[in-house]
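You will see two complexes here that share chain A, one where it goes with chain B and one where it goes with chain C.
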Partner chain A sequence: MRPIDAIFIILIFSSYLKNSKQKYIISILPILLFTVSLISSYIPVSIESFVLPIIAIIACVICIELAPLSLLLLFTEYNHLWEAIMIPVLWFIIMLLIKNLNTRINDEYIPSYIRGFPIRIISLGILYYVFYPLFFI
Partner chain B sequence: MKLGPFIHSGFTTKKLMFITTLAMIPMIAASIWENGFDAIILFITSISSVFLMEFICKRRVVFEYNALVTGVLLALLLPANAPWWISVFGAIIAVGLGKYLYGGFGQNIFNPAVLSRVLLTVLFPAIFIMPKWTLDGVSGATLLSKEIGTTMPFFSSLFLSSSPGSLSQAMPLAVLLGGLILLIYKLIDWRVPLFYLATISLLSLLLPGSDKILGHATYLLGNPLLHIVAGGSLLTSFFLLTDPVSSPISSNGRVVFSIIAGVFTMIIRYYTPFPDGAAFGVLLANALVPLIDNYMLKLKVSSP
Partner chain C sequence: MMDIKKILKSPIVGQVRSNPKYLWIIVACIPLLFQSPSSSIHIWALGLVLGGWIANIHPIRWIALAWIISVIFPSMPFLLLACCGALLKNWRDCLYAGLLGVALTMIYIPGELKNIGFIFIVVGLSSIIYKRVK
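Moving on to the complex of A and B:
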């Protein structure tokens, strides 16, 4: 899975959740994982295989509601530091954009069958394509 | 933003859209002159598809200039060698997704024509990104395509004719003429094209090149005039960013909006395989409008 796909899947799921502090904790997982991959040569082989499950368990314990998302982030490939940093940065930017876009979306004029959550998901889908080229850098 | 009472400028939406349509005539003529029958087909299919979609969505026959503007802009954003059905897809996205789902004209967050161009670019990259070589050697790639070659084109030919890419790039002078009409009638804020083109020029001089450009079209580096004339920069600055519905209310907000669009355009041009980031830049700027408006309002309220 590409990082951009992970971000948008997380955003769709996390829009159901109200506790924003937990979202912020989970967003640092990519950087943590990339750091681990950098120092993996210094970690003894016997311990190395336990690192990922330990991080996964800690992440899931911190935020049980976001456990599937934590696992999704853990199984996303981060080839460059750029990608690992990009996830939380882009996550915050898109959350900020969506929050402000929601103030502009006027439910009164929107067709009844897509009012509320569906139109917000459509906006999120459009933002996916706006940021799509950045993942070819 | 000023407090009321307001004096009516005399410009109704209908009049505004009518003058915008008139301003696009030089571009339409230039693209037909350069691309012939292919351009005519794209204009006809784009405009008729947009009107058909408006009819389907509203369930009544209406002639509105804003639909005509959307149809013409949609065609101008398509490559000359694009198949006719692409414009039908484009119209479905522009009217169905960009306008109708957000509540119709005046409620849309994103510029409908630009939204359709971005989605079509991602869905059909072979038509928009890759040089589509045909038997007679005509290429659908813009001059900003990284793989197009290492020989820099003459600026005289760029301004007047023979500029490959989308229909709007047939003759940049025609886009400038259209932009001038909009500026004379004071339909657009002069700050938007000025700051957008200035940002592009400055960044083309300052940004270091990446391997996406080096080794291919090296003439794209440090060449502000080329970045203004080639690609969709001129059309974006005069016709797309100045859309009154999807741009900020305050003049300072519009400056920020133009700079953001310019920065994003250049990042995509320099560091991604996408040849032209203008459309992506417009959409990002559109998405930031509520944030810019809120920030500018807070700034205005807090200032003594």
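Moving on to the complex of A and C:
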């Protein structure tokens, strides 16, 4: 799965989690995983299959609140360091944008059947296409 | 020191999960984004249904179950099942996501549309139509 897809899945799931400080901790997971993939050739074959489950368990134990999202970050493929760095950066930029958008998309002039979840998910879908070219730099 | 038992029983984990009932659709689309072969999606769906019953809201149980299944069926990446299961709220959502995931493998979707932006827009529009009709 591409990192940008992972960010947006995280955003749709984490938009309901308020004031979690653990998001700062799990944002370093992509860089950690990229580092592990760099040194994977030095890891003995006998313990190679245990590396990912152990990292997953540690990530879940450290970030209880965001355990499902940490698993999603571990599941993503990072081909370049740029992608691993872009994940937390883009995550926080889009979170700020959504915070700004939330006041507008919940206004009364928006029809009740569009307000809330439908307009939020469509906005995220459009934002996806806005930020998509960043991963081709 | 954190207690594993507390983590397993923690209600906080549930907070991250979907409030709206439509988010299982997005979980069902995750194998599609991963472009897994259809055989592994069937195993993933079975694992999801089994996990919905055994693991439910406990992420560490999901990791254990997914790892065991991936040992038996190496074609299925273990984090695919672990992360999908952990994102879901209850066994009913697991069942729905598993069924939809299998159904999606039977439909031809062009590679260009296999991205989360397109899925979000489709889910959003479907929920608008559903709300309007309802």
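Methods note: the second predicted complex is superposed on the first by the 131 of 137 C-alpha atoms of A that agree within 3 Å, B and C clash if a C-alpha of one lies under 4 Å from a C-alpha of the other, contacts with A are read in each partner's own complex, and residues count from 1 in each chain.
Please note the rule applied: a contact is a pair of C-beta atoms (placed from the backbone, for glycine too) under 8 Å apart; a residue touches a chain by one contact, two chains touch by 3 or more.
For clarity, every value in this text was computed on a predicted model and none was experimentally measured.
Taken together in the superposed arrangement on chain A, chain B and chain C fit without clashing. Within the superposed three-chain model, A:A56 lies in touch with chain C and out of touch with chain B [touch as defined at top]. By the document's definition of touching, of the two partners only chain C reaches A:F8; chain B does not. Chain B and chain C, viewed from the C-alpha centre of chain A in the overlaid structures, lie at an angle of 110 degrees when rounded to the nearest 10.
Note on chain A: of its two partners chain C and chain B, the one contacting more of its residues is C.
In the superposition on chain A, no contact is made by A:F92 with either chain B or chain C.
Shared-chain residue A:L134: touches chain B; no touch with chain C.
Of the two partner chains placed by superposition, only chain C is touched by A:I121; chain B is not. Closest contact between chain B and chain C, by C-alpha atoms in the overlaid model: 8 Å.
Chain A residues in contact with chain B (one complex) as well as with chain C (other complex) are 114, 119, 122, 126, 129, 132. Listing the residues of chain A that touch chain B in their complex gives 96-97, 100-101, 103-106, 108-111, 114, 119, 122-123, 126-127, 129-134, 136-137. The touching residues of chain A, when paired with chain C in their complex, are 1-2, 4-5, 8-9, 12-14, 16-17, 52-53, 56-57, 60-61, 64-69, 71-72, 74-75, 113-114, 116-119, 121-122, 124-126, 128-129, 132.
On chain B, the positions that touch chain A within their shared complex are 97, 100-104, 107, 109-110, 115, 118-119, 122, 210, 267-268, 271-274, 277, 280, 283-284, 287-291, 294.
The touching residues of chain C, when paired with chain A in their complex, are 2, 4, 7, 10, 12-13, 15-20, 22-23, 26, 30, 33-34, 59-60, 62-63, 67, 77-80, 82-83, 86-87, 115-121, 123-125, 127-128, 131-132.
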